[in-house]
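To keep things simple, chains are lettered A, B, C, D, E, F and G as they appear, and every chain counts its residues starting from 1.
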Amino acid sequence: MNQHAVLRVVTKLLMPAILLFALYVQFHGELGPGGGFQAGVIFGVGFVLYTLIFGVRSARQVAPPGALRTVLGGGVLIYAGVGVAGLLLGGNFLNYSVLSHDPVHGQELGIQLIELGVGTTVAAAIISLFFIFAGQDRPE
Amino acid sequence: MSFPGLINSWAAMALMMIGFYAVIAHGNLVKKVIGLNIFQAAVFIFYISMAKVRGGTAPILGDNLTLFSNPLPHVLILTAIVVGVATTALGLSLVVRIRDTYGTIEDEEIRAIEAAE
Amino acid sequence: MFNAAAAAVLISMFLALVRAFAGPTVYDRILAVNMFGTKTVLMIAILGFLTDRPDFLDIALVYALINFVGTIAVMKFFKYNHLGLPHEGEDLGDL
Amino acid sequence: MMLVRDILSWLLILGGGFFLVAGAIGVLRLPDFFTRQHAAGITDTMGAGLLLVGLMLQGGLTLVTVKLVLIIVFLSFTSPTSTHALAQAALSSGLKPLLGERREDLSSKT
Amino acid sequence: MRGRLFHTISLSLVLYGLWLLLSGHFEPLLLGLGVLSCVLVVWVSHRMDVVDQEGQPLALTWRALPYWGWLAWEIAKSSVDVTRIILNPRLPISPRLMRVRASQKSELGHVIYANSITLTPGTVTIDLADGELAVHALTRETAAALTDGEMDRRVTAMVGER
Amino acid sequence: MIVGQLPILQVIVPLLAAPICAILPFRRLTWLIALAASLLALAIALTLLDQVLSDGPISYLLGDWAAPWGIEYRVDPLAAFLLVIVSALGSVIMLFAPTSVAREIADDRIFLFHAMYLLNLAGLLGMVVTGDVFNLFVFLEISSLSSYVMISLGQSRRALTAAFQYLIMGTVGATFYVIGVGMMYMMTGTLNMADLGTRLPAVAETRTIIAAMAFVVVGIGLKLAMVPLHFWLPNAYAYAPTVVSAFLAATATKVAVYVLLRLVFTVFGGPAMVGLPVDQVLLVLGIVAMFGASAVAIFQTDAKRLLAYSSLAQIGYMVLGISFLTATGLTATIIHLFNHALMKGALFLVLGCVFLRVGSVQISQMAGLGRRMPWTMAAFVVGGLSLIGVPLTVGFVSKWYLIQAALEKGWWLVAVLILLSSLLAMIYVWRIIEVAYFRAPGDDVLQIREAPVMMLIPVWILAAGNVYFGINAQQTIGAAQSAAAVLLGSGG
Amino acid sequence: MTPETALVAAIAVPAAGALLIGLAGKAPNLRETITLATAVTLFAIVVSLVLSWLDGARPDVTLLTMLPGLSLRLTAEPLGLLFALVASSLWIVNSIYSIGYMRGNAERNQTRYYIFFALALASTMGIALGGNLLTLFVCYELLTLSTYPLVTHHGTPEALRAGRTYMGVLLATSIGLLLLGMIWTWQVAGTLTFTPGGIFKDSVYQPLIGILLALYMFGIGKAALMPLHRWLPAAMVAPTPVSALLHAVAVVKAGVFTVVKVIVYIFGVEHLSTVISFDWLSIVAGFTIVAASVVALRQDNLKRRLAYSTVSQLSYVVLAAAILVPLSVAGAALHIAAHAVGKITLFFAAGSIYTAAHKTEISQLDGIGKRMPWTMAAFGIGALSIIGLPPTIGFASKWLILQGAFEARHMLAIGVIIVSTLLNAAYFLPIVHAAFFRPEAADATPHGEAPWPMVLALTATATATVVLFFLPGVPLELAQQLGDIAR
């Protein structure tokens, strides 16, 4: 029988809600600048909780190293890509107004995408780092 | 500078001292990292207090229409926090690897091992 | 009214800090820090009301999450000196 | 109606504040880790609960209340869980609870 | 195994409900993002293997509300009791350890029971193994309140095992 | 159109390439990306330098937001000069890297090295290009964090403790810096360097600003490894993979000096500076570094460590040049930024070759290498002579201007000290040359072959640079002089 | 060949020779042929340069601009031409001698030896023909570096130690003092071009001139002014042809050459004679002359005695220049040449003795004149020249200096010259006497003369010492021209 039933059950119960909350924070920009950052932290911390309870080995099956690395790099790429897109469309770097015909809409879109990039990066970074601390990220 | 601002500044100073002391005085690497964290937290507090008291005596840009809606300090704090988190994470992961290779995270013992090499 | 509530929260935070410093066991300290964290959640919620910023509640929620996970992590670290092992199953001989 | 709601909410908030402080005093006064947990529990359940419900009444039927509810729910799941986990860790690490009938018994044992 | 699919659907619905509750906005973009988010979360949850009866005890929802009401009242009563002890200058405590047998069959039931005990001031579950709980009680009275078994019965009733 | 975007592209190219490297699992490909990004950055830097020298400074507004809120990127002759140094050295070192890296870094971490290198490059370029003191902090930390990781990739476990030590010191420094920045912001409401330069004089006498200056200078001094804030550097350079030591020695300290120049002159107003005797402090610290570090270098047994201490001494020269607060002094510092990058780049790359073949850079293990690895060691001789300051090398040019600056001020004693300290350089360089050429080789040395051509080419690019720019210093001196003029001009 | 081309070729030819020697390293005969060919070519170039100069050509070439306002530049003037003539002619002789010596003693690393020898000559030409102080300084440092591998040729711990002293003293003085003096000069005068009459304006603060003079005199370590002379005896560990290079062909000559050049073209003889603080130089030079002679007297090791003799003789040049009258300046120039041929003969002789008899100490030389008559005869002639007795060129140069001293009523110089001449005789003549008139030790192993290239070389230089007394010709002409410039 499992000995840490309490932790396990409560974690299972909360986990989907935590992850959804992270995505909610991600997509509701009214949290102000850094919505993506906070979302990333929440998602990452949720995953850390999972790792604490179920062990790194299980967690690694959920998020394999290669996938993590891809998400990490991809996040940065989204962030920089949006900036470069603005640049290619004739504005300066990080000028989102040019992303759409309507400058306001362009700004919104740009910020959403940037935040998405930040969020993914932060989440992936937190998870990778925790794996490192948890101590099974070393080459044998 | 208004009273709460002063308090914040003193708190920031005190935290800085504590953090700095921990960085210097502790032989335990984890404690050093924690000290570093406290040290950085002091800066956040300092920036927060700065954001609040800016209406006071500080000479600011000529057109003070944007004084209070200025989001800048918050962005700065957030950025600084991100950087701080990254530093802490990296520091701790180094500690983990140091423990793996040296078998200890006490500064003195590590030095002794290195001296014996 | 909110001020009174904030004062109460602050007092209990302070008392928790006293316990955190006094210890004497590491579990006392974790308990106190965890309590301090919960009070911080309340403080943030009250501050949200005080400053009319309801979005602070999101932060409070996030803080509650971090507080919980942090407590579990610290406790686990002190108990096993390791974060990576599963919290259950065979590889935990000492439970 | 507004007045009733306000008074009620203030009472709740004040009550919450009272339990917060009382629990915190308990954390200081009680003699060992296991007994202190009970006091800490008061602040988490009664203190936080009353306070948040009081705030809820202030918020009315809004998003604020929804989030306050979420906070309460979250705390009511996690608070006992961490308490339990902590207690179990303390016990298994060899920390022995003080047991006895009266305070004198306890102090003589320490 | 009606479980897997059922739990997936129910989890999705609950999550979407939570999204709407949190969001408070009903623009197409956010609604769409909500769908995407739910899909993502359900997928991750599947990978984490948390989608099952333990993770989504939805069947309990209706029976849970009255139980929560009862529990809240219990908490309030014992809070007052314990607070009086704490504030009493003589600090009249009589801490004790006791073993309690849980009558529920599922682990979910044990966990709910254990956490209910902990939530109630004056008692803390400090161990749980094979349906037997170790409880630390602050006083003789709080211990006695537990041994009368009412909480155990109510939990068992809620998880539908009687 | 794209030309107008060069200032941001300078940073974005490596910054974008870094995550790509992190995603790609193929070692060869990540190297190609890193090399390509470095070369592209070099091309951009050269274009910028050309533009700046002909059309004057370039200003670029990030996101098209006006200066107080948005971030301004600003390229003037000094910045462009630094951009060229950093990207050129990065390119040459990347050219050198593959074999050396394969030898010194575990296979599954090579992608990480390339990603971190690119991040570091982006951070350094960003520090140079930005005109915003807080943005500078961000880039500073990007470069620092990636440095910690790169250092920790070293083979010896001491690389870990070295990286940790650097992390602690570097973070303290960065935090000091950011405190200073906050104070300046509090007093002026701006983070833009040029705006700060115009607004600080009004509040210069306040204690807050004086404290800010102290914080900022100490913070950058830590990053710069300015004696006495240097404790992290020798270990970091000694235990990092050689390529990393080469890159950091050639570029990172240069950028830190650049930042110091920017702060002292553009922000604090240079000669008009009030409040703190920054110049006198720098003078003393520079001289102490020149002698102390050189003296310690003489007693090292590990060649990398020896070069690390030598770097501390050379940083002393740069700091000394700043302390004169004159055009000639600044010219000396700026020209030495470039020259020292060439010398130390070449010398560390030579050690990379040595490590590849010998498996160690202990001086005692280098006996007889002059015969076994003639091209490699000849490059070391060139770099070493340059370090001493022998004529026809860039080291001589640096020394010339530094002494001239000292004599201009009438500080002949300082001039004498400069010369004496370069005699110390002679001693420690000669120790290695003597062992390599005149000490009988051990048996194991007889098996050693010359380093591969692909490594010798970058080594000799740098060695040849030491000679070429030593014989024909007109262009570099010209660039340095106009950069110095800009600094003094903006200082009012 | 235009004079301008010749000017550049004088440096390029030995440098290219070094490259070719390196390429021919595997074939000793070819390698040595190249060495000789290069030496002869260089000599021809220098001769053509001298002739065109005497014809009135004044070549001046700017190679490249190194620092803004400062270029690497070559100019022909009498003193430099004289020095170039001495060095290039002696290189031929020294090369022939080297071939015999290196083969006779089966030395290792011969290719390296010839390469750096050629490079040293290229540097020497740069020193001789440098048109400004910067060029001279650059080549001066290159000479130090290119002779270092020659000094440490054997690679023994002793050789390495000597090499450290050599490098240490020469680089330390040149970087620590000479460079400082040069940059200071640039700071004060705004130019470093060698100009007849000097470059300092009268307005320059006089004590500063004194300081600068000190920086130059002690910065030019190759002139071996006491107490900076130690590197020279230390460098005796090198093979004998290297000693010849150091003492006669290039290195110490470069030192005193630079002293004279700086006094004539940077300070200006006239200008300097108005500076009161100046006389310390005569005192230091005079002291060095006497002290080094006394030390030489007490050496039993032949090469060491020769080395201290060089220290003493170098200060003759410095002292002559410090007398500050045209006649003595001309004497200084001529003494550079005179000492060169005389001292090279002596070193060649010492090397021959070592090669043929493996003897290094003076006390071992009893009766050796019978076994090595050519060598010891040449030694005798070289000794006469160094002492300053007719019929050798050494007499001519000393005579000029003495005349200058009388003209300036420089009693110190007169006294020093007389005393040192006696000392010179005291440390050289007994050797000659012992070689020819003392009986050989009973247990001596029989031996003959050294290999023929060595004998050829030392005979040639000994002959030159005598011939130049009767036909001083071009050297005297150049020396007098310099005296005119100094006027």
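To be clear about the criterion, contacts are C-beta pairs under 8 Å (C-beta built on N, C-alpha and C of every residue); 3 or more make two chains touch, one makes a residue touch a chain.
What you see is a predicted model; the values in this text were computed from it and never measured.
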| item | value |
| --- | --- |
| Any chain in contact with chain C as well as chain E | A, D |
| Identity of the chain that, by mean CA position, is farthest from chain G | E |
| Distance-maximising chain from chain F - centres being C-alpha averages | E |
| Chain closest to the assembly centre - both centres taken as Cα means | F |
| Intercentroid distance (Cα basis), chain G paired with chain E, Å | 102 |
| Distance between chain centroids, defined by C-alpha means - chain A, chain B (Å) | 24 |
| Approximate Å spacing (C-alpha centroids) for the pair chain C, chain F | 45 |
| Chain C and chain D, separation of their C-alpha mean positions in angstrom | 12 |
| Where chain A touches two or more other chains, by residue | 2-4, 6-8, 10, 13, 21, 32, 54, 58, 133, 135 |
| Per-residue overlap in chain C, given as positions that touch at least 2 other chains | 58, 61, 65, 68, 72, 76, 95 |
| Interchain contacts, given as pairs of chains that touch | A-B, A-C, A-D, A-E, A-F, B-F, C-D, D-E, F-G |
| Residues of chain A defined as touching chain F within the complex | 66, 69-70, 72-77, 80-81, 83-84, 86-87, 90-97, 139 |
| Chain F partner contacts - residues on chain B that touch it in the complex | 20, 23, 29, 32, 36, 39-40, 43, 46-47, 50, 54, 58-61, 72-73, 76, 79-80, 83, 86-87, 90-91, 94-95, 97-98, 101-102, 110, 114 |
| Residues of chain D that touch chain E when the two form their complex | 19, 22-23, 25-26, 29-32, 34-35, 37-39, 41-42, 45-46, 49, 63, 66-67, 70, 76-77, 79-81, 83-84, 87-88, 90-91, 97-103, 106 |
| Complex contact set, residues of chain A against chain B | 32-34, 37, 122, 125-126, 129, 132-133, 135, 138 |
| Contact footprint of chain C on chain D as seen in their complex | 10, 13-14, 16-18, 20-21, 23-25, 27-28, 33, 36-37, 40, 43-44, 47-48, 51-52, 54-55, 58-59, 62-64, 67-68, 70-71, 74-75, 78-79, 81-82, 85-86, 89-90, 92-93, 95 |
